[in-house]
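Right, one structure below, let's go through it.
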Amino acid sequence: MSVAAKTQDFEPLIVAFCCNWCSYAGADLAGTGRMSYPANIRVIRVPCSSRVSPNFILRAFQRGADGVVVAGCHPGDCHYVSGNYHARRRFSMLRRFLEFVGIEAERLEVHWISASEGSRFAQVMQDITDKIRVLGPNRKLRDSR
Amino acid sequence: MKEIMQKMRAEAARVLSSGEVDLVLGWEKGDLWWQSYPVFIENEKKAELLTWDLFCVPNLAKYLLEEIWHKKRVALFFKGCDALGFNQLMQDKRVDREKAFIFAVPCSGLVDPQKVERAGLHQGLLRVERLGDELTFVYKDREKKTAAPWFYYDKCLTCRYPNPVVFDFMLGEPVPVNPRERFTAVKELEGQNVDARFQYWQRQFSRCIRCFACRNVCPACSCRECIFDLTSPRWLGKATELSENQFYHITRAFHMAGRCVDCGECARVCPVQIPLTSLNRKLIKDIDELYGPYDAGVDPQKVPPLVTFNPGDPAAFLESKGV
Amino acid sequence: MQELAEISGEKINDCYQCGKCTAACPVNPFMDILPHQVLRLLQLGQVEQVLQSKTIWVCATCFTCAGRCPRDVDLSVVMEALRAILLRQRGGSRLKGEDMPCLIRKGMPEQGIVSGFRKYTK
Amino acid sequence: MRRIGVFICWCGTNIAATVDIETVIKEAREMPGVVYAGDNKYMCSETGQTQIKGTIVQQKLDRVVIASCSPRMHELTFRKTAAAAGLNPYLVEIANVREHCSWVHKDKDAATVKAVALIRTAVAKAALDTGLEPQEFVVTRRALVIGGGIAGIQAALDIAEAGYAVDLVERTPSIGGRMAQLDKTFPTLDCSACILTPKMVDAAAHPNINLLTYSEVEEVEGYVGNFEVTIRQKARSVDAAKCTGCGLCFEKCPSKVKSEFDEGLALRKAIYVPFPQAVPNIPVIDRDHCRWFSKKKCGVCKKVCPASAVDFEQSDVLIKQKYGAIVVATGFDLIGFEIFGEFGYGKHPDIITSMEFERLVNASGPGGGKLLKPSNQQPPKNVVFVHCVGSRDKSRGKPYCSKICCMYTAKHAVLLKEKHPEAQAYVFYIDVRTAGKDFEEFHRRAVEEYAAVYLRGLVGKVFPSGDKLLVNGVDTLSNQAVEIEADLVVLAAALTPRHDAEGLARMLGIGSDAHNFFVEAHPKLRPVESHTAGLFLAGTCQGPRDIPETVAQAGAAAAKAIALLNKETLLSDPCVSAVDESLCTGCLACLKVCPYKAISDKPLTEKVHGRQRRRLVAEVNKALCQGCGACSAACRPGAMNLLGFSNEQLLAEVDAICL
């Protein structure tokens, strides 16, 4: 199989951790508005972006995710006052660190998507899927078994 | 160093006999030139066992955790790096300042036996002495003199706190602080492309035998039960598998973010020479860049950068460096 | 229309016809189509009418309209784009890449060459 | 082994048209722990719920997964269904196959594969669900209302009428707020003071209402049912118990300052009541401008006070009080004009804001409501009104519509004509928005009966020319540039939240939008609640609105607060953090990231090798914890775990979703 054909066939798996109050609701709104985005996106609901431990992200990569998204409320709008501020530090550091150990930074994306930004949710997910398609499958962190 | 060793022994005997402490933690000389082990001394008569030489590298602070919590008060000796580790343990509320009587030992660097070996100076070596900036390798029938920094641990060459930041009693005079740039290796890696970096770390991580020495020696790794040992949930798989090694090293380093005192012990004890300091220092460098300079272990009252925030923090995950 | 959007980069449909541009324009008495009408006609796709107007040549590019617009539509840029369209229609490339070294040697200011490219080259 | 039941909803064709239900059922039956998989056209319907309940009993299900719409829609419904069949409601998981799948994907195969993955994930999570029990806690039956404008007054009165004690905190020396500054109100032209003042008096006289004027909220802690609030009652320098309100003090006071209440158009004294009908009618000393406080000279007020009520020694008092509910009604400011140089505001006294116009036209305002030009006290002839100054302006101002300007400008045009029949109003507008009862009729009257000239377009520049103001505008309907020689220019300024609203939002822990308006919990279904339980919103602090809407919202907020105070106890959400003390190292990183101060340290004594050992562990206050899980992610050994979103569950979800 040629490389080109491989990229054609490659359907990335992208895990999105969405905070219940903003981004998950934003995803719901994308649904209500029938704003389509690729089926490669699979959402895990968490109460807050600050609930997401880097371990979950690494685990997703180990289990074969080609990209991971963490989505939370815009800074200042956190339902839990300051959760996204903590998340912002944590994932700023993690993303740089993953890049340092040789993982493409684009595989981990963090976005602030509010409950009213359904179309932005769809757009962000579309963009990420496109980017990961170009990047190709995650072979670096994946469990080889 | 001899005078300090004399003082060490005298002070240890004094605090034991006065009943100020019921245990002294120090180093004692082993059988071979490079062996200086931790020793527990409960009797002032044994104070003569204490040694202070170019190989007293183990940090004694971590013994405060499990082995001796039932002691009334413990005296122990700290080099600069050890003191930072102790402060980190303080910040993690793992040690009680009141229970420790700290002797500060300013340290201008310790000798890396591996460097001695690599230079071929180890055959028949009896001991190593230092005078000023010069080392004397003493053999049965000859001596060899050389510049000391050549044989210091890498971590000593970049040491920024050779004089302990916490102590009750100072042994000797503070030494000058003169660190080399510590982010050189990190910057070099940062300059490479992402695949080259991956290959570099793949080479490193695939050597890991998961002996957990790096974790066990670390003064910031003080959990009662480590996440990597838990079976429910099982965070870290048991298989010999690169991805598990990656998980271990990324998570270990990340747990250290904002807490690593950069004492370099992890890299020193690694049996397969994984450059763990580069991982730790990458995080230190990023924290310094993004949230302002922060040196873990200097002031245990300061809030570590990854459990606080500033509403105006940069969103560094929006940076895109391209594929 | 597309060419206009490409050259100007402005979102013409953002205009809600408040007329602030016209109200602020110092040369509006000399225009046959008022500034806000320019945008309205463009919204309706009537580019030709605008291109034939006096207005686009009266515009002094003083940027007052742009500064006052509550919708972030920079009309001065749109005007410039309209002029550029006309100028480009009037003839092929007047500046050629291969002429550049010669022109620069002659001491023509580089800024002038760049704006010349923008105006005259298709 | 678990006995998990999977129920797949068609949602009519909403799900079934894009997801192949049959395949999904087949796949679900193969998932670990699943003993039943079934479907229904509408799972949330009576029949669907009966099917769930029946199956739970027949199949002895111990976990339930429902593949349907978003859990934000029907999680509560299905939890209740499960509870009705005797299952702990927290053993129910929802797979969101509608909003997150069938509605956003067009390819049936891809959507079916994804639906299966989502269900597999929910099954994996459900398998690790534990039954949770909510905790009961006692409600403090007292309310706090922040802001003493019409919204705050109305909310306080309604809550007080229901029989609960209310503290009404107002920053300025008197309640009344913006409405007290207004002259007449649209569209009925009632006199604002005539309808407001009785309410102010009612509030002051109500046995259940405790007025705290000249006071500010300083700290808010606690949670729904048990807020702990610190209020700073600023020193009035007048003893409220002794003062008779005779007014001798401010008659004699020699220091004059611009009156905030009169929008700087008139002067007040350093000891003052903001306006004659102020409630309470007790003066305060503005210490920044009082000669006694700046130079230790004067003291006239103290000398003339017949009741010896003036007290220079008074100091701020901090009041700590517990409340069950809080209504936030802090109102609005007008946008600053510094950036709108073209209008020349501040450069000429006859260019004024709409609020200043209210004062000029008000009988109790400067000039006794004669509506004269501030520059020379002559009646104006041509008056230009400009709509949307700062509103609907995404480049320099605010992108939103301030909602009330169209109507009050029409009112101003009417009032102008009533005061000066020979005067002419010119109104520059972009659109006239008159959605409201009798609003359109009122606007038409301004045009038809009061001959206001409406010009569709905005104003480009205002500049003085002789004793007149030249206004350059446009009428886009006739496509003409317009120039008007005006005597007075009135700018309808955009409404903004109070300048310090952001800080208050942070203190209260409620959300605010990009413009610092407080955010309601749901724009349609929960318009007066904030995201934080027990905190309710009323009036313009939530967004621009007029008086009737404000009053209605205040009543609604009060009703919500009353419903809360009516309960003796509340149930807490059991999805809170729990500590595994055997794992907890006591480093208390969790405490540092907790936004609710819900975590504290607790000494623990245990026996180790026959010896007593004391160590610290973290402890969670279940009533304070709101379940964000920041602590769980900060905990290195994983001792802190969020129930309902535990480490085990999230790992299982990640594993399942990646399969």
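The letters A, B, C and D name the chains in turn, as written, and every chain counts its residues from 1.
We take it that contacts are C-beta pairs under 8 Å (C-beta built on N, C-alpha and C of every residue); 3 or more make two chains touch, one makes a residue touch a chain.
Keep in mind that what you see is a predicted model, and the values were worked out from it rather than measured.
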Which of B-D and C-D has more C-beta contact pairs: C-D
Between chain C and chain D, the Cα-mean centres are separated in Å by 45
Find the geometric centre of each of chain B and chain D from their Cα atoms only, then give the gap between the two centres in Å, rounded to an integer. 52
At what distance in angstrom does the C-alpha mean of chain D lie from that of chain A? 31
Centroid from C-alpha atoms only, then distance chain A to chain B, rounded to Å. What do you get? 37
Residues of chain B that touch two or more other chains: which are they? 227, 235, 306-307
For chain C, what residues touch not just one other chain but two or more? none
Residues of chain D that touch two or more other chains sit at 593, 634, 647, 651
Name the touching chain pairs, please: which are they? A-B, A-D, B-D, C-D
Which stretch or stretches of chain D touch chain C in the complex? 342, 388, 392-397, 430, 456-461, 472-476, 479-482
Residue numbers on chain D that touch chain A, as the complex places them: 70-73, 96, 98-101, 103-107, 110-111, 113-114, 117-118, 121, 502, 506, 509, 511-513, 519, 523, 531, 575, 593, 595-596, 626-630, 632-634, 642, 645, 647, 650-651, 653-655, 657-659
Complex interface listing, chain B residues touching chain D: 69-70, 91-94, 222-227, 230, 232-233, 235, 255, 303-304, 306-308
Chain B touches which residues of chain D in the complex? 582-589, 592-593, 601, 608, 611, 613, 616, 634, 636-638, 647-648, 651
Chain D-touching residues of chain C, taken from the complex the two chains share: 16-25, 28-29, 34, 36-37, 64, 68-72
